[in-house]
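In the two complexes below, subunit A is the common chain; its partner is subunit B in one and subunit C in the other.
Coming up: the complex of A and B.
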C-alpha cells in the first residue's frame, strides 16, 4: 500500500564524529548540526511543525539528558515534540507517521550520543534480558563475535572476508570528512575472537539531523527531495539462542514491507557496526555486487550510538539530493546481533 | 577558556525484579541443580524458558527437565574478561543447546584456550557453590566427554519458589559538564556567579547551559550577576535529607540574582523559616573552601516589588 502522503528527506547534516568531545555538553555538540540542517532549507526552528529526537541517558550517564538537548531547538514556549530512547532512525519513523497524519508538514529529526564518558561495551549490556542475560554482563563485542563465529561455521564468511569489509569501508570513508576512521586501518588483534579491532566500530561522540517535509513543501525546500517510498521496522525474539544468528528475517520483512524488493536499488547505506553484520544484511536484503554499499564508510567508519542509524538515512538521502542515486536503501539497527531493524527506501524524481 | 572540568561519576542501582511463573521455576530449578525448559505448542523445548512463545506469543507453562549437558552452537574467545562477567580468567562465551532443548543458552565456557573450543563440542554445567536462584547459579560450562546423564523428569514444582531477583548494576563514567557549565563552575571558585546572555533575546541564563531554550542558539557572552538577589518563591522543607547536616524546617527558595533572567535555587538562612517571603532580598554566604554559596541570607534591604520579579517566577 503506498503512503497516503508523499514525505521526503529534504536536508541532512552531521557533526564530525570524534573519540571524545569533553569540551562540549550534549546540547553544545548538537546545536551546530541543528543549525546546519535548518540553514540548508532556510527554515527557522519556529517554522518546524514537529520535532523528534533519539538518544539514551545510559550513554553519558545523565538522567533526562534529552530535555537539556531540547534547549538547542528553542523548545520554549512549548513546541510539538517527542523523543525515543532509540537511534534517531526510529525518531524519523515517528516523525514520518506524524507527517502522514497531516498534523504537520515539516519535521526536524535528530539523534546524538556521547559514548566517551562511559564504557560503551558495558553500557550496552544494560539493554539485554535482565533475568537471564544482563547478570552475566556479556558486552556488545562478545555478542557480535558469537554471531561472527556462527557465520564462519556456516561457511558464509571467513576472517579474510571480514577484513575485506573493514578495509573497503574505511577506504570509502576517505572522502567522508565527518568519519572517525578513514583510509587504511590495521585489523589489529582479536578483541573477542573471531572479531579483531578492525572488525569493530570506533567508539565516539556525534550527532546528526534531518528535515522531513510533505508534498509540495518538500519541493519548495529541496531541489531534489529524497522521497520515502516505504519505511518499516521489525524485531526478532529477544532470546539470542532462539534466533538463527546467521540470518535476519526481521530485516528481510521490513525491506519487503518498505517495498525494497519491488525494484533494484543503486545504493545501500547499512547500519552494520560489525563487519560480520554486513554479511548478514547483504543476504537478507539480496544486495548484489552492482549495489554501492556504504559509500560513506558506514558504521565501521563512525558509529555515534543513537545517531548512526539516522546517519544511514541521511547519507542515502544526501546521495539522492546530489543526483548520485535514484533509488537508495537505508537500514538502521538496534540491540544485540541485529535484533531490531528498520529499512527505508528513498527515491529522487526522474531526471 | 578555562580548563575542561572532569569528574568520576558512578551510577549504581540494585534492580529488584519480580519473576513470572516460568522464570520463577527455571531460576528455582537452578538453585536445586535442575535445568528446566518450557514446551511450545509445536513441541519445541525452549531453554532458557520464557513466559510467552517467541513466535505465536501464546502463554507457555509446560515445564520439562533437560540435561545439564549439551552442545556448543557458537562461541567467542574472551581473552580479557570484564567486570561482572562469570569468570575472571580468559574464557569462551558460548551458546549451548542442552540435551533435550531446541534452543541455546548463553553462558561462559571455562576452557584452557581458544584451541580447546569448537562449535559442536560437548559441555556440561558447572554449578556455583552458593546458589540463590539466579542465572549465575550456573558458574559456567566446562568441557565434558562423558555420557548424557539420566534426568529425573522434574515438573518444576519446588519448595520455597524464588519469586524475584536482585540484579545490581553499576556503570562508571567520567563526567564533563561542557563549555558553559565548566565556565560557570570555574567562576564560582572565585566566588563570582557568571551567566551567559542570549545573543538573540538578550536574556541572561544562570546557571548557563550553553544554549537559549527560547531561541535555540548558542550563548557565549559571559555576564556576572548578583551577588544579591530576590526570593521569587520558596518552600519549607520538613524532611531531613540523608547525609545533610541541616536542621529542619528550613527554607529552599528560587532566587533571581540581580541581572539574571532565570532564578536559581538555594537555601535561605539567617532568618526564621516562617519569616521568609516572596520579594525578600538576599545575598550569598560562602564557607571556607566551599565551591558554591552555602546558603543565602537577608541583606536587610526593603523587599523587592512584585512587578520587578513577576516574570521570573
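Coming up: the complex of A and C.
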C-alpha cells in the first residue's frame, strides 16, 4: 500500500568524517551540518515543523547526551522534537511517520556520533545480550568475521572478492570529499581472520542532516525532490546462533514492504560496514551488476556510527536531486551482523 | 487526507518494586507486554510493530537494549523503534507509536517503556562530570530543588504544600496494586518529619527508584471495534522541547510545557482545561511539581496552583483529581514513568482503574517531562471516539 502522503528528502548535508575531532564537542561538530542543510532550503529552525535525531549515549560516554545537541538546533522558541537511540535513518523514519499524519509539513532530521573518544570495538560489545554474550566481550570485528567466514564456507564469496568490494568502494570515494578513506587503500593484514584491515570500516567521527518535506512544500524547497516511495525496517533475532548469517531476511522483508522489488533501481547506497556484509545485502536486495552500488564509497569509506545509515539515505537522495538517479535504494543497519535493517526507495519526478 | 483515529485497547504493567531480582530485563518487559496483550485479548501475532522507550542506557549498562529485547517482545520480523527523550520518554514513546497508526503505516502497535534501576544507581548515573558543561550536581533533586525554591518565593506558597502532595500521592498509591511504595502507616506528620534531602525537598517528597515496565496496545478504528473492553481514544498528543539552560529560561514554568499543553488542547477542543478535563496524571517526581505543573498546564492562574493543592481539589475525591495512581512519587522506573502516566489516563477513561477510579472520568490528561524541565510530552484521552 502506498504511503497516504507524498514525502520527499529535499536537502542533505554531512560533515567531513575524520578519525578524531578532539577539538570539537558533539554540538560543535553538528552545528555546521545543520546550518548547511537549512541553507540549502532557505528554511530557519523556526520554519521546521518537526525535528528528530539519532545518537547514542554510549558513544558520548554520558547520559542524556542528545540534550546538548538541542543547543545546536536552537530550540527556542520551543520546537516539536523527538529523539531515537538509533542511527539517524530511524530518526528519519519517525519524522516520515509524523509527516504522514499531517501534523507537520517539514522535518529536520540529524544523526551524529563520535567514535574517537573510546574503543568502538569494545563499546559495541555493550549492545549484546547482557547476561550470556556481553560478559565475553566479543567485539564487532570478530562478529563480522564470523559472518564473513560463514559466507566463504557457503561458497558465497572468497577473500579476493571481498578485497574487490573494498577497492571498488574506496575508489568510488575518491570523488567524495567528505569520506575518510579515499582512493587506493591497502588491504593490509588480517584484523580478525578472514577479515583484513581493508575489509573493515574506518573508525571516525561525523554528522549528517536531512530535510524532509511533504507534497507541494517539497517542490517549493527542491528542484527535484527525492520522493520516499516506500520505507520500512525490520529486526531479526538477537542471538547469532539462531540466525543464518549468510542471509538477511529482515532486509529482504523491509525491501518488499518498501516496494523495492516492484521496479528495478539504478542506484543503491548500502550500509555495509564490512565488505562481507555487502555480499549479504546484494543477495537479499537482488541487486544485479547493472545497479551502481555505493557511489559515495559507502560505510567502508566513512562510518560515523549513528549517522552512517542516515548518510546512505542522504547520498541516495542527493543523486536523485542532481539527476544522477531516477530510482535509488537506500539501506541502513544496526546491531551485530546486520540484525536490524531499514530500506527506503527514493524516486525523482520523471524527466 | 485525515488521520486514522487511535485507540488504547490493552494496558499492562509490572508490580513496581525496588529490585526485581527474579527476572532479567527481557523477563521484565515481557511480563508487562503479556499483560497488555491479555487485556486486549490479542496475541503476539496481532502486533504489527513494537515501539520501545527507556531513559539512559547507562542505567542498566546495555547499549541500545532493544536489539537484545527483540526476541522477548515478539518483534522478530517486525519493525522495532527505540525512543529516548530523557524523562519524558515514556510519553514520547507512546506518541511515536500513535503516529504509526494515525499515519496508517500500521494497524496495531505494541508500545512499551521500562527501567530496571536496580541494575545501577540512577542518581550517580545522572551526575557524570562533563568538561565545560553545567554539572547536574547530586542527581535530579539537586538540579530541581532551586526551581522549587524559586516557585515558593514567586508565589508565597506556604512551606507545607509539598508535604500535602506527597501525603496525597502516597495514600493514592495504597489503592493501586502496581504502585511501588505502599506505606500503610503514612501520616502527614511523618512526611513533614522526614529528612531534608535537597532543601526544600524532603525524603518523603521524593520519587523512589523502581524496577518496572508498562505496555500499551494501540490500534486503529477497526481494531477498536474488536476490542473486548472499552477503548480509550486519543483526542490530542504533542511533544515540545527547549534547551536545557539559556538566559531568560523560566525554569519554574517552561514555555515548552505551555506550548505542548496548548497544542494538545487545540487538537482535543479543550477551551478551559479546568472545566473540560476530569482528571490529570502528571509527572511529579518531587512533590512541589504538582502546583507548578497545575499552573504550567493551565489548570490554575500563575501563582495560584498551590491553592488547588491546599484546598483538596487534587485529592482523589476532589474536583480535579491529580495522580490517582500514586504518581511518580510512589513509583519511578524512570524510562517507564511517562508511559505509566499515559496508561493511567487511559485506564481512567476506560473505567478500569479499580480502587483509584475517578467516577465519571471522560477526558483525562497524561503528562510527562524530562531533562532540565525541557522535554514535554502529553496526551489527552477520552471515553468517546474523537469522531463521534
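In this section, the second predicted complex is superposed on the first by the 350 of 351 C-alpha atoms of A that agree within 3 Å, B and C clash if a C-alpha of one lies under 4 Å from a C-alpha of the other, contacts with A are read in each partner's own complex, and residues count from 1 in each chain.
To be clear about the criterion, contacts are C-beta pairs under 8 Å (C-beta built on N, C-alpha and C of every residue); 3 or more make two chains touch, one makes a residue touch a chain.
None of these values were measured; they are calculated from a predicted model.
Visitor: Touching A:98, do we find subunit B (first), subunit C (second), both, or neither?
Guide: A:98 contacts subunit C only, not subunit B.
Visitor: For A:64, select first, second, both or neither according to whether it touches subunit B, subunit C, the two together, or no partner.
Guide: second
Visitor: Based on the superposed arrangement, let me know which partner A:84 touches: subunit B (first), subunit C (second), both, or neither?
Guide: second
Visitor: So, does A:22 touch the first partner subunit B, the second partner subunit C, both, or neither?
Guide: First partner only.
Visitor: One more residue to check, A:175. First (subunit B), second (subunit C), both or neither?
Guide: neither
Visitor: With both complexes overlaid on chain A, does A:123 touch subunit B (first), subunit C (second), both or neither?
Guide: After superposing on A, A:123 lies in contact with both subunit B and subunit C.
Visitor: Is A:193 in contact with subunit B, with subunit C, with both, or with neither (first, second, both, neither)?
Guide: first
Visitor: Contact-wise, after the overlay, does A:145 reach subunit B, subunit C, both or neither (first, second, both, neither)?
Guide: A:145: touches subunit B, not subunit C.
Visitor: Could you tell me which stretches of subunit A are touched by subunit B in one complex and by subunit C in the other?
Guide: 25, 58, 61-62, 68, 70-71, 75-77, 123, 126, 130-131, 134, 237-239
Visitor: Quick check on the complex: what are the subunit C residues that touch subunit A?
Guide: Per the stated touch rule, the residues are 1-3, 24-25, 55-71, 75-86, 92, 95-96, 99-100, 102-105, 125-126, 128, 130, 132-133, 238-244, 246, 254-256, 259-260, 263, 371-372, 374-375.
Visitor: Give the list of subunit B residues in touch with subunit A in this complex.
Guide: Interface residues on the subunit B side: 1, 4, 6, 9, 11, 15, 17, 19, 23, 27, 46-48, 50, 54-55, 73-79, 82-86, 93-95, 97, 103-108, 114, 119, 134-136, 165, 167, 169, 171-182, 209-218.
Visitor: Considering the complex alone, what residue numbers of subunit A touch subunit B?
Guide: 22-28, 31, 34-35, 45, 58, 60-62, 68, 70-77, 117-119, 121-123, 125-126, 130-139, 142-143, 145-150, 153, 190, 192-195, 237-242, 245
Visitor: Hey, which residues of subunit A end up touching subunit C in the complex?
Guide: Per the touch definition, subunit A meets subunit C at residues 3-5, 25, 51, 56-58, 61-64, 66-68, 70-71, 75-86, 90, 93-94, 97-102, 123-124, 126-131, 134, 232-239, 249-250, 253, 334-336, 339-340.
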